[in-house]
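Each of the two complexes below includes chain A, the first together with chain B, the second together with chain C.
And then the complex of A and B:
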């Protein structure tokens, strides 16, 4: 299957939404892709769905395999690591959206 | 035609009763993505419907386009709050495809070429209100909008209308899909604002 290039941003755009639920800078978190074995940080992921949404999808910069999904809803952040099912819903501090 | 677009107030009035709560009308067609756009040549394309017992039926592009074609004009509603009125599509009614496979299951998971999935109650796919579409506004459906073929289920939020669909799988349980397992609602009725899991 060929893939056309479509716009994506780098994983640093995840810093804002994830910072509300992490005590350390999440963009430095390290990950080794289970599919192509390429190492990357969250900040280096290719992120789709910025702007219009419906959620942010972070993909391996090497093979585009799913690395994480983040869905912000009022009062909560849903975070799913890896490409299986089963997201965690974090409560957001009331100051955050 | 003049170069002026009709006033916003006028249009809103004309579409009164057609805008679900929390939505705004748009004339553009925003592209929402969860990954790279797959490019699937029609000669490599197929759609497979599989029952909960494993019985299946597959259509090639030629076979699918030889089925009776319908031309729905419908309003679509995205969970990101835009709605687009009177969109024109061509394709095959899902009734035509689903009735070819015997099943007692109450749910369907749509699977796409890019790995995307979404779950749907069967009753939302039958009764002449859901389609497999391959053209938009008289032209072949562009890859960024889900071409060569996508689902069109206009009475639900548009994330349910899976782009680049390649399979419909009957399931006895309602299995959450790509966004449903990350917080989005299992059903997604825009008139009831079923955006998130507990809405």
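And then the complex of A and C:
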């Protein structure tokens, strides 16, 4: 297991930020890591960056490969799914601001 | 899609020296399942906002929610929520959040709950929901690791097991006088083996606590032959 030594939380903490742009709870979404083939849900990802900054990075719990990145801005959520896919900028509905 | 709802603090109960149960009245609260959490947003006078996640400690009860807040020393949000937010004041909450770390009494099968410190909070919602259910045929084991006897949340509710419950408190630094288990970190010997109740490796297992605790317990469970697809974990900082 390739573990980064920085403290991490897990994908449960992504439920709030992602609830603004998903119609269903995303933390049960399943994926298989393209690098190490380990299956996991978003809830099981290791999440870094839960300090005061706006960005969260979700990594494969098996090999720490980048699985997801979310950056909250006033009025927007930048979301990148997978590694190297680029990020989409979602406008947030007014009620979520 | 989710939105921020105003939440009024109605009650604050000390659980430990630094742990609080906070009850909020949230008009429009849609209800939730045990294990889920909310995001709490505080807004300062200058517009600065801070958001943190807190677990729901009780089953759904109309527009009343109960959160468990553990003070993080030097933290930006938790010391304020725990001790300074006046009863009657408003914050904002978003939720319920999280479909991964959740359980309802309708979920079949035996239950193994393992909590470290304030990690017992979402497990308490599960235990309380189970106690409120008339038919409780399947066993439930709670293993609760705390530093010392003063650090036990919900001590009164956990002093008497309900039907089918096995409640075990492990002390890591100081055990009560006469305790058969010396104080120490949770080990493989503290966990039920594959043949102990809750029977079988298929018992659904929920582990919540600080990251190092969750990693440690998860490793013990996998080594003991429990299957990863039956283990659900939630870490906090």
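Going forward, the second predicted complex is superposed on the first by the 91 of 97 C-alpha atoms of A that agree within 3 Å, B and C clash if a C-alpha of one lies under 4 Å from a C-alpha of the other, contacts with A are read in each partner's own complex, and residues count from 1 in each chain.
Here is the rule we use: a residue touches a chain if its C-beta (ideal position, glycine included) is under 8 Å from a C-beta of that chain, and two chains touch if they have at least 3 such contacts.
What you are looking at is a predicted structure, and each value in this text was computed from that prediction instead of being measured.
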item: First, second, both or neither for A:66, with chain B first and chain C second; value: first
item: Which superposed partner A:27 touches (first chain B, second chain C, both, neither); value: second
item: Which superposed partner A:76 touches (first chain B, second chain C, both, neither); value: first
item: Contacts of A:15 with chain B and chain C, given as first, second, both or neither; value: second
item: Contacts of A:43 with chain B and chain C, given as first, second, both or neither; value: second
item: Chain B/chain C common contact set on chain A; value: 7-8, 52
item: Chain C residues within the chain A interface of the complex; value: 1-4, 37-39, 50-51, 53, 76, 94-95, 97-101, 211, 214, 232-237
item: Chain A - residues contacting chain C, complex; value: 7-13, 15-16, 19-20, 22-23, 25, 27-28, 41-44, 50, 52, 93, 95-96
item: Interface residues, chain A side, partner chain B - complex; value: 1-8, 48-49, 52-55, 57, 59, 64, 66, 69-71, 73, 76, 78, 80, 83, 85-87, 89
item: Contact set on chain B toward chain A in their complex; value: 30-40, 78-80, 82, 113, 115, 143-144, 159, 176, 178-179, 181-184, 195-197
